[in-house]
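Alright, structures below, take your time with them.
Consider the two complexes below, in which subunit A is the common component and subunit B and subunit C are the respective partners.
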Partner chain A sequence: MNRFVEAVSTLENRYIKDWKSRGGRVVGYTCSYVPDEILHAAGLFPFRVRGFSAADTTIGDTYFGPFICSLPKCMLQLAGEGNFNFLDGIIITPGCDSMRRLDECWRKAGEDIEGIVPGFFFHFGVPHKFTDYTLKWFTEETKRLINALNSHFGADINNEQLSESIRLYNRTRVLLARFDSLRTRKDPPFTGIEALAVVLAGTALPKEIYNAMLEEYLAEMNDAPGIAGRSRIMLVGSANDDLELVRIIEGSGGLVAADNLCFGSRLYSDSVDENSEPVEALVTRYLSHNECPRMYGDYKNRLLSLKEKIESAAIDGVILQNIRFCDLHGSENGLFERDLEKEGIPCMRLEREYGPLVETGRMKMRIDAFLERLGRRVVAP
Partner chain B sequence: MITAGIDVGSLTSKAVIMKDGKILSSIILKSKPRPWESADLAINGVLEKTGLSMKDINCCVGTGYGRDKIPFIHQARSEIACHAKGARWLMPSARTVIDIGGQDCKVMKLDEKGEMVKFITNDKCASGTGRFLEVMAKAMGVELSELGELSARSKNPVTLASACTVWAQADVIQHLNEMIPIEDIAAGINNAMASRVATLVSSIGIEKEVCMTGGVAKNSGVVSSLEKTLGIRIKKIRRDDPQLAGAIGAANYAETLLNGGKI
Partner chain C sequence: MRKELKEYNFDWMLWNAFASAARLKSGTEKEYQNTLKYIPYFKGVVEPIMECGEPGRKFLEMSAKYLENIVHAKERGFKTAVTTFCFSPAIFYAMDIIPVGLEVISVMMTFTYKRGTADFLDFCNEAGFTETSCSSQRGTIGAYLAGVGAEIDLIVTDSPGVCDTNANAFAFASAYLDKPFFQLDMPPDLTGERSDEYHREDYKALIKFLEEHTGKKLEPEKLKACLDELQKQDNIIAELEEMARIIPSPIPVVYNLFVYASRFLFAGMPECTLVLESMLKNASENAALKRPGLKSGREKIRAFFCYIDHYAQNLQLWQMLEREEISYCGNILSRLWAENVPHVKEYGKEEAAYSVDTASIDSMINTLAGINSRMPMIKSIRGPYDAPNMWLEDTLALAKMYSTDVIVYNGTPGCRNTWGMVKLLARDTEAAGYPTYIMYSDAFDERVQSWEATEERFLEFLKVRRII
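And now, the complex of A and B:
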């Protein structure tokens, strides 16, 4: 477990340092809609950019303004402080409007602060709908990314390499699905904090190393004693890579036994078809991925998959959290609350800032009250 | 069976001692910077009134922001649960409870048995809380307790440009400088407060009877403005001081614990 926690507790972890010392190059990306198999196939180290460890947002506020999600602001803060200078490239998507603005704000900050814009800076358009014409468009965009990577890094991404990377990444998904089945069982052998660290590490380690670590961990966990007697919580909503948020929930007697987060189970919920042409298989998997409210017209399916998870993981209550100014999750959480409560599933909405965890007293008060509510809940026989 | 409930809030600390479901004595005092100091003062003060000592208390439950730092309690419980429980004791017919405390505002929905089934609290902003009123009263140079009475005499309430506490304070100063009658400013403050709280109440949904707890429940200006904004009647708590709801709820929970119940 320590290796996972260590890998996610620093931005430029020792695996990245080792990779760079051997002349390897690292490319960051901001969203789970980027098919990072492509980066792997190009011989690059794909690294999911986070806003973790930003102590304030003075640089972020300067370029973004105050009324916007604090996640991209923290990312820009770290970039402006030079914490992402180890990146040789960055891929930014319009995951949401705030994240789209990271592209222009980072470029603009780069005019004022020397050396913070990586040599490869790519805006990767991802449509908000899954249709035949958006799939066509997304295929073209993905090919544009492949050509840009080939041209900038002197790579030669071909189908054979892509297929190999797809197989490797699918292996990760299979392992994480096994991990998920341990997590959601009646007495999971690890806490939600540990679960988040394990999943997050997958975004910050070379997949070959990560898969080996994961296999080892799963073997250990098979016979590990389980945790029982706590209220089982599902954490839903905006991006969260903060172990501390989960620590508050679990410190009050909850156990985060499931999530639908983009630094969580969204990463491994579907595999890429290994029998189709690789680019086609990748774009289909990524664009059909509907778990983020950025995808229009798919609320009902998202609700359905949430309900399935709640049932299979025997969830007692759902915490619907969103980062302040997150329109997508903020509004969808309201719908989830309405529809889940209607079916007798207790929900609590929680708005927070991304970044250094503040107002923990107020957060704890709400979580305590919610857990007290769950403790009294009568479960039908 | 003697129980005690202690509610250490950000502005005031409250304690009650109950015997067989009836209040023997209660106290409300200004909180100290350290919660355990407030708790000591409150419990000693309330015990003194009854002539009892700590060893006579069969069970004590703590709540409020400082609940985890109170050394002498048997168990801590969130203020949301305690306010709901206390409100139910104060008004058994209550189904929606609006509690405005020093630094937060809570709305709780109760089922027919009085169990809390839903709650919502304000986000991280002081407007819509007791602190908002405290800052405004200070800016106007009046006592907090005068705001309700002043606003009742208003003929033409001002509109505060912002519900942000700091900006609203600047607005209040501006109105004072322009010699606007103090009653109209007081009414504007209470209306601003009510409109912030109304948003929360509307988002959770209203079920009758509606009651208000917390210190702000004693401000008739906020209560009537809230009634007007929401188009509802807020039933006045008469059984005891609505500011004691959290401490009463805590004492009720202490009784449940003594009876072998799980809280």
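And now, the complex of A and C:
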């Protein structure tokens, strides 16, 4: 477990340093709609950009306006402080409006702060619905990305390499599905903090190393003693890569036994078809992935999928959190609350800021109250 | 929500207010003046509009007609579609669907009521919709979520890819009310074969959706009539915009509001054309007499609003502009991208413009896709602000063309998209020599910052920068 935690507790972890020392290049991306298999096929190190560890947002606030989600502000803060200088490239998507504007804010900050803008800077357009013509657009956009990577990094991404990367990534998905079945057990062998660390590490480690670590970990966990007697919580909503948020929940006696987060289980929920033409298979998997409310008009399917997860993980209560100004998750949380409560599933909506947890006391108090409501509160030792 | 607000449908009440206002000038001037005494709270809206003469009266008639259509849609056998200001309603009219434009109705309410749309804004929160979402949609959708408006059949938007908070409001309403939903999605690039094809295919899918839910086929003759009317409107707007370049500007400050409101309400319909024709007549007279559009007859400075206006009660923004003798050079909402408008010709931006072609059903659908993809906001804030054909390029081009002394940004705190880049935009426009003021108010919700405070800060900016 320590290796997972170590990998996600520093931005430029030792695997990245090692990779770079061997002349390898690292390309960051901001959203789970980027098919990072492509980066792997190009011989690059794909790294999911996070806002973790930003101590303040002074640089973020200089370029972004005030009514913007604190996640991209924290990312910009880290970029401005030079914490992402190890990146050789960055791919920014219109995942949401706050995140898409990281494009301009990062570039413009680069005019004031030398050396913070990676040499490869790519705006990757991802449609907001899945149809034949949006798929066509997304295929072309993906090919545009491939060409740009080939041209900038001197790579030669071909079908064979892509197929190999797809197989490797699918292996990760299979392993994480096994990991999920342990997590949703009646007495899971690890906490929600540990679970988040394990999943997050997949976005910050070379896949080959990650898969090996994961196999080893799963073997260990198969016979490990389980955790029982805690209220089983599902964490839903805005992006969360912060172990501390989960620590607050679990510190109050809950156990985050499932999630529906883009830094969590949404990452590995569907595999890529290994029998189709690789680009076609990739774009189909990524665009048909409707679990983010950025894919408008698909609420009913998301509700259905959430209910299935709640049932299979025997969830006692759902924490629907959103970062302030994240209207997509914030509003959908309102609908989830209405529809889940109707079916007797207790829910709590929690608005928060990303980054330094300055409001821990407030959140802890509300979570405590929610756990009391669940009626099975166990005071943490 | 307050109990009394549930007594009558909000759109019915609003319709009655506007219908009465539109009739005020049908008697003698003495009768009109006497009536104003009996409407102390509504007088502040009616007077500045009626003072514009015939265009003002026609504008009120048009607004009343729009509301009447919504209120009586069902009994007249029409389907209704909740939609957005940046979606051209021409297709709805061509298919006998009554559009319910959320933002324009929010404007009507904020102009009319001291409380604005506060109760409906707040009801959205009760329904689970975030308070940080854009107030322009929340102000009206709250009423429909609360069930105090006309019956809604469909929900259609075109802001995905452009504005999350806008798109999300429609997606939320669709899920909350369980109504059919269609989104026109916008790619980050405006021009090029890929984008053209995307816009076109998406629009075809929209027509299929509308046909499916109304049970009616799109009739080419009806569509052609709408597009012919729309082209007539484009020509008038092009003439008005050309005249706005004259110093001093012969265009009254409130005309800009009339232009975009008319188009948002009745694009492709004679109701809009009538208002525009009347405005053109007055503006042409002003121009011929070299008479400024400002009531005082003096133009101190010229202001360009690079986003939207402020809709505080009683048209206070426009009253301030009159008082301070500031000519209004338009905003992002009033700039249409027909191939014949002056800014397209001036900068050779034909590739970013649309043209109207009614030769066949396919060419008409292409035209509609082109119009829609170039609607205000849809055109210029979809991609990075400094990309070709986007916000910065448009703002600088228009500021230069209309000899602007100051650029003003005003929006809503819910506008995630522009707040993500407005500081960068202002830095660039300042560097280009245009003093740029960012208003931190909410165009639709005075509870965020009162109009009085907004005005004071703006005027302070003008003084500090020695613009006025």
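Operating definition for what follows: the second predicted complex is superposed on the first by the 375 of 381 C-alpha atoms of A that agree within 3 Å, B and C clash if a C-alpha of one lies under 4 Å from a C-alpha of the other, contacts with A are read in each partner's own complex, and residues count from 1 in each chain.
Basically, a contact is a pair of C-beta atoms (placed from the backbone, for glycine too) under 8 Å apart; a residue touches a chain by one contact, two chains touch by 3 or more.
On a predicted model such as this, the values are computed, not experimentally measured, just so you know.
J.: Touch check for A:Arg22: first (subunit B), second (subunit C), both, or neither?
T.: Neither: A:Arg22 stays clear of subunit B and subunit C.
J.: Of the two partners subunit B and subunit C, indicate the one touching more residues belonging to subunit A.
T.: Of subunit B and subunit C, C contacts more residues of subunit A.
J.: Touching A:Lys342 in the superposition: subunit B (first), subunit C (second), both, neither?
T.: neither
J.: Taking the superposition as given, does A:Glu140 touch the first partner, subunit B, the second, subunit C, both, or neither?
T.: second
J.: In the overlay, answer first, second, both or neither for which of subunit B and subunit C A:Lys129 touches.
T.: In the superposed model, A:Lys129 contacts subunit C only, not subunit B.
J.: Give me the intersection of subunit A's contacts with subunit B and its contacts with subunit C, in residue numbers.
T.: In subunit A, residues 324 are touched by subunit B and also by subunit C.
J.: Which bits of subunit A are touching subunit B when the two form their complex?
T.: Its residues touching subunit B are 324, 341, 349, 351, 358-359, 361-362, 365-366, 368-369, 372-373, 375-376.
J.: Write out the stretch or stretches of subunit B touching subunit A in their complex.
T.: 65, 77-81, 104, 115-121, 123-124, 262-263
J.: Please give the residue numbers of subunit C that touch subunit A in the complex, ascending.
T.: It comes out as residues 127-130, 132-133, 160-161, 163-165, 167-168, 170-172, 174-176, 181-183, 185, 187-189, 194, 197-198, 201-202, 205, 383-386, 413-424, 427, 440.
J.: For a test of understanding, state which residues of subunit A touch subunit C in their complex under the given definition.
T.: Residue positions touching the partner: 62-69, 94, 96-98, 100-101, 103-105, 108, 123, 125, 127-129, 131, 133-134, 137, 140, 293-294, 296-297, 299-300, 322, 324-325, 327-328, 330-335, 337-338.
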